[in-house]
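What follows is a set of structures to go through.
In what follows, chain A forms one complex with chain B and a second complex with chain C.
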Partner chain A sequence: MGYIVAIPLLPTIAFALLAPMSGRVRNKAVWVSVAAVIIALALSLVAFVQVWPGGHEGEAVYHSSAVFASIGTMDLGVGVLLDPVSAVMLVVVTLVGACVQVYSIGYMHRDARIGWYYAVLSLFTAAMLVLVLADNFLQLYMAWEVMGLCSYLLIGFWHEQVAPRKASLKAFLTTRVGDVGFALGLAVMYATAGSFDFSVVLHDFQWAPAAATTVSLLLLFGAMGKSAQVPLHVWLPDAMAGPTPASALIHAATMVAAGVFLVARALPIFEASGVALTVTMLVGVITALAGGMLAAVQHDIKKVLAYSTISQLGYMFVALGAGGIVAGFYHLVTHAFFKSLLFLGAGVIIHAAHTQDMREMGGLARKMPVTTVTFTIGSLALAGIFPFSGFWSKDEILTVLWHGEHYVVFALALAAAFVTAVYVARLWFRVFTGPEQSELKEAHIEMLVPMGVLAAISAVIGFGSPYFAQFLGHEGEWPAAPIALTSTAVAGLGLALGWWAYGRRTKVLNTRPLKQRAGFVYGALTMKLYFDITYDFFIVRGYGLLADALAVFDTTVVDGIVNGAGAVWRSGAHVGALIDRYVIDGAVNGTATLVRAAGARVRRIQVGRIQAYQGLMVGAIVLLMLWLVVKGA
Partner chain B sequence: MLLTAIIFLPLVGAIVTALMPKDRGSVARWIAAGVTAADLALVVFLALRFDVAQGMQFAEKIAWVPQFGISYHLGVDGISITMLFLSALLSLIAVVASWKMETKPTAYFAMLLLLEVGMNGVFVALDFVLFYVFWELVLVPMYFLIGTWGGPRREYASIKFFLYTLFGSVFMLVGIIALYLQTGTFDISAMADLGLPATFQWWVFAAFFLGFAVKVPVFPLHTWLPDAHVEAPTAASVLLAGIMLKMGTYGFIRIALPILPNAANQWAPFITALAAISIVYGAALAFAQTDLKKLVAYSSVSHMGFVMLGIASGTAEGLNGAVAVMFSHGVVTGMLFLIVGMVYERTHTRMIQDVSGLSNQVPVAGGLLAFASFASLGLPGLSGFVGEFLTLLGAWKSSVPAAWVVIAAIGVLLAAAYTLSMVQRVILGAPSEAVSKISDLTVREVAVLVPLVVLTLTVGLYWNSLLRFTDPVVTRIVAMLAGA
Partner chain C sequence: MTLIQPVGALSFMALSVVLFSLGLYGALSRKSTVMVLMSLELMANAININLVALSRFSAPAEMTGQFFAVFSMVVSAAEIGLGLALVLALYRQRKTVEIDAMQELKG
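Moving on, here comes the complex of A and B:
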């Protein structure tokens, strides 16, 4: 099964080919990238079939590794580990990746740097595949960071404009805050368990609860950065400044889910800790709720989807925190498909409407049938409506919470599901119904086909729910009626409310009284719950001021002491220069004459200092030699 | 004889170029390039024949002043060969990067070659007197390079550099003499792991610490560095940051740790603290700079803090990491200074607010600067990450207080902050007025950078390309520290 290695290698080669090309040649060679990801998809499907029917949890179907660093007796390796989890991830990453790359042919065709765009997409795909195939945490971390680079490059793709430039910096730095935690977690893991390998850290090593808590909380912190969990979520909405298909791949389906993947992989350590699970669940539920509410007040269609992604990722953390690895992982998979579908749809909508502001959209349903149908499927999946995929994975998460007796979290998760349905309806009715506000035209075929593929998957994948659990080596069950009905009712209620507020075009849309009544909450939500403003004021500006203050400190105090000492030395050197002239000059007359002749009048003092030192050094060495001779004799 | 040839071949070149008529600059540069290239070839030949499993190799030992136990003693192990390679490579690059030097070119290339003599010598000398001679020798050409070919404040900067580092050397000299009086020899390799008295070790370590720490430089002894870098010509900056700073940390690894292991353990917490402070302090100051060269200079303070962190950890991870940072910083900071210099030659400004939009106007220069920036901020897959990560691992594993390690780790975030805010302003965006008319890098300039790009990728992707040289040496040093 050596072909597994080719899966991450193909996009790597595509990047290595494209990156050094000149812009013009590269723009014509984007097919290299598309071909690489499509072949990788084919190989991933083969791998998936070979792993099928799975069932042995954690058991690798294929594993090989090579050492890239040896320190003492410790070997650090890079590996390829194919087990049910990575097999699923391979398919998700290459399938969404292929859809996005095909779609981008149409979406980006007029961009002057389309070649560079594809090069970065390829590098990203390669890094993500290395991450999911990792057999150790160090490799995972390294791929993780490279994905961060790609995310940075794609968010800032249109860097001539200010907003993408700022957003890319914000994204890289915010996720790196988490990465400091991740890196420290690796250091603690290494010092405690003596390895990064999954086989050691997750299976052989017996974790003491305290060490497990430290490591897992640090890893969780890293995951929170990457997966945009509160309070490190602030970068993801801004990241929407990048090209929309890149958002679909990186900031919806794959990279942001890497945090969830990390926690899922490291779950045995979290379980050994116990506390860390609870923290994960709390972080998740707060994020699920906050993200959903923030999504409900956005006017930019991409920002709605971005906050929605934050919220759905929170859902996955909740599941993992409750110990529901299958539920959390399943939601990762379904979300990857329906959310990338929604983003691709949003790309078409933005192109058609020439705006991202939903208040200036309307009536797309009549003119853009394919987009409407696919987007509607994605919306219903997101809202959790039977039989679309989101219903099934959300149901599993709720079931895990109920059976784990986390009733408060269960209630909050239901509330988040309700808010989700509200903002889905708000978005849908605003965009697809009502009067047309511009000339609308359906997108090209290469954009519609990927959307169709993703929509088809989102429509039917839910029925695989119990088999998915079995594939991962767990008990698979069909949804139980009470929870399924409850969640459906809640989602239906949310959709109804959304329709009531935004769908009835009989009245002119006016939500102002509602906003006024909910004044404080609405205000807080439009201020993004004050996270950005707080960070900006205290951390960004605070650090800038601190750095400036330190710069002044460095030149006045630290260097001042040095210059002060120099001044003292210089006045001493005058005395030294006198001694020099009358004592040493007398002894070494010829040399001194030469030096004096060479030294210009202005440079006298400085030359004097060097001379004084040389005198001192020569004197010291002469004394030393004398002493040695005396002692030796 | 091979090592002698490697050291003194540039000396021959220096004498020849120095004696040439002043208007023969174009001949002098070809001689300098030929000599440095031949020297690099010799080092590569040496490295190919080097057996990583053995200790000191290619040793040459001739009695020099036998009455005092002074000998002409040379040899290389895995760490010195790493640094020797870097020295030879960067010397060649410095010469080619200075191809257009028009001010007193014969003297200039003579100085670069003389500098290489001292740098090569420091990394292969195994006798204290010899070591000290090479150590001091380095100062002279660097003093003239800054003082003669430097920027507007070159006099202040060169004098400050000279006196500051000499101040440190005096203490080192005291330490050397004390060691001689105690052991009766100047032979560095014979002194390793002798089990010298603990109090004696402590004081001698203090002397060496001052000598080496100025060179590294460690906070608060760093203020000579930004001045020297800003005023120095590009090639001198490359060698100053790439090689001369490493002489300080090399001193710790070659001398202070093996000879004074007991004191090294005692001093470890203090050095760790200074290292962590250097990391975040250097990073914060880099963030505050408006001059590109100053930014890179302060980032050096931060990066060298990681070297000290690894050295103080006394672990295999930390020491391997320390050498990895030394190597990577030499390569990556070399790239940064070179590109900043190339941009400066075209725009005549190094002010960050005047330079923007490089990637649009000059994509090759902008792309390579971005590459070097990401290597510098420690992106995995590029060389900077290797050492940073290993030193953090080592520091955490050692018994130093965890708080300092956390502070050092925050330095990784701060590195991203100052590097990327530079990238935002300089590389991205629309081209500024100063940038809008400049042309992209020439073939010669790209050729100067390509070897550094290749090394950055090689070490970053396959760590053993470097660690296979350093790890055996590190293992021996760690054993000495553990036994003390």
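Moving on, here comes the complex of A and C:
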């Protein structure tokens, strides 16, 4: 089964081919990237079939690894680990990746840097596949960071504008805050268990509760950064400044789910801790609720979806916190499909309506039938309406919570489901009904086909729910009636409220009185629950002050030292010049002057008269003889 | 003390010094080139006297000084021939034999 290695390798090769090309050639070569991901998808499907019917509780179907570095006795390896979890993730990542890449051909075809866009998408896909197939935490961390880089590059793809630039920095730095936790967690893990390998850390090693709590909370912090959990969620809504298909792939389906994947992988450590599970659940439920409420007041269609993503990721954390690895993981899978579908649909809508503001949209239903049908399927899946996929996974989460006797969290999760249904209805009715916009056109076929694929999957995947649990090696059950009915009723109520507020009339309801009556709540929500302001005030501003102080330090002390050194050097050079001019030149010129003066004096002897020479000669001989006489005496 | 004493080496050397000094004076002071050449002859002969006398009083049997004197005279004769020929050649060119007129190599 060596072909498994080719799955992450293909997009890597695509990136390696595309990256060094010149822009013009690269723009024509985007098919390399698309072909790579489609072949990877085919291989992933083969791998999935080979793992089928799964069920071997955490046992690897295929495992191979190689050491890439040795530090002392410590071997750092990269490996490929195919088990049911990674098999599912392989299919999800390559399928959504293929859909997004095909869709992007239509969406990005006018962009001057489409080649670079595809190169980064390829790199991202490769990193995500390496992460999914990782057999140790260090490899997972490395892939994790590469994804962070790709996210940064794609959010800031249109870096000519200010907003994407700022958003990309914000995303990178915020996730880095979490990554520090991840890195520390890895350090503690190695110090405690002496290894990064899943087989050692997750199975063989007996975790003491204290160490397990430390490690799992640090890992959770990293996951919170990547998966945009409160309070590290602030980067995800801003990340919508990037291209919409990239948002669909990275900021809805795959990368943000990496945090969930990490927690799901490391769940044995969390279970050894116990406390960490509760913390995970609390973080998740707060995020689910806050994200849902924030989504309900946004006007930008992409931001609604972004907050919705945050909220749904919170749902996954709740499930994992309650120990429901299957439920959480299953919601990850269904969410990946229906949320990427919604984002791709939003891309079509934005192209057609030439705006992202839902207040300026309307009446898309009659002009754009395919988009409407697919988007509606995605919306119903998100709201949790039978028989679409979201219903099944949400139902599993609620069941886990109920059986785990987390009744408060259960109620909060239901509330979050209700809010979800409300904002879904708000979005749908605002965009698809109401007064029509002129000049609406259906999208290109290469954009509609991926949406159709994703919609089909979202519509039917739910019926695989019990088999999914069995595939992962757990007992699968069909939803029990009481909880299923409750969640459906709550979702239905939410949709009804949304319809009452936004879909009832041909003109959109004026919500101003409501906003005035609940001024405080609405204000808090429109201010994004004050997170950004708080961070601005305490962190960004403080950092700014620090930067200012450092700038002053820089201009005075550092520059002072540098300029001082320069000045000292320059005066030294002056001294050197003086020495040069007076001592060295003086010596040279002095020699010349001396020789000339001596010559001028000596030439007087050379009078030209023979008898003068004779006299000199005689005088010299006399002196010589005198000297001989004196010496002899 | 008697007026006539045997003639010793010192007397010959005194004569030689007187002759040499006269020759040197002439060579340094005369204007005419011919006179300078003659003065040079005086100096050469002063040395010849010295050679013969010192040989006679130190090692008379070998007669080294006499032989040297004869050689010296022959060389002097040749030298004075050449010198006078040069003087004649100079005179033909310059119509003068004044030694001060010859200052072309002055530095």
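In this text, the second predicted complex is superposed on the first by the 544 of 633 C-alpha atoms of A that agree within 3 Å, B and C clash if a C-alpha of one lies under 4 Å from a C-alpha of the other, contacts with A are read in each partner's own complex, and residues count from 1 in each chain.
One rule holds for everything that comes next: contacts are C-beta pairs under 8 Å (C-beta built on N, C-alpha and C of every residue); 3 or more make two chains touch, one makes a residue touch a chain.
These figures come from a predicted structure and were not determined experimentally.
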| item | value |
| --- | --- |
| First, second, both or neither for A:562, with chain B first and chain C second | first |
| Comparing the two partners chain B and chain C, which touches a greater set of residues in chain A | B |
| Chain B versus chain C as contact partner of A:548, first or second or both or neither | first |
| Which of chain B and chain C A:539 touches, first, second, both or neither | neither |
| Chain B versus chain C as contact partner of A:187, first or second or both or neither | first |
| Contacts on chain A seen with chain B and repeated with chain C across the two complexes | 603, 606, 609-610 |
| Touch list for chain C against partner chain A, complex | 24, 27-29, 36, 99-100, 102-107 |
| Parts of chain A lying in touch with chain C, wherever the complex brings them together | 603, 605-611, 614-615, 618 |
| Interfacial residue positions of chain B with respect to chain A in the complex | 67-68, 155, 159-160, 162-164, 166, 170, 173, 177, 220, 222-224, 281, 284-285, 287-289, 316-317, 320, 357, 359-360, 363, 374, 379-381, 385-386, 389-390, 392-393, 395-397, 405-406, 409-410, 412-413, 416-417, 420-421, 424, 428-430, 461-464, 467-468, 471, 474-475, 478 |
| Touching residues on chain A, where the partner in the complex is chain B | 23, 67-72, 74, 76, 141-143, 145-146, 149, 152, 156, 159-160, 165-166, 169, 172-173, 176-177, 179-180, 183-184, 186-188, 190-191, 543-544, 546-548, 550-551, 554-555, 558-559, 562, 566, 569, 603, 606, 609-610, 613, 617, 620, 624, 628, 632 |
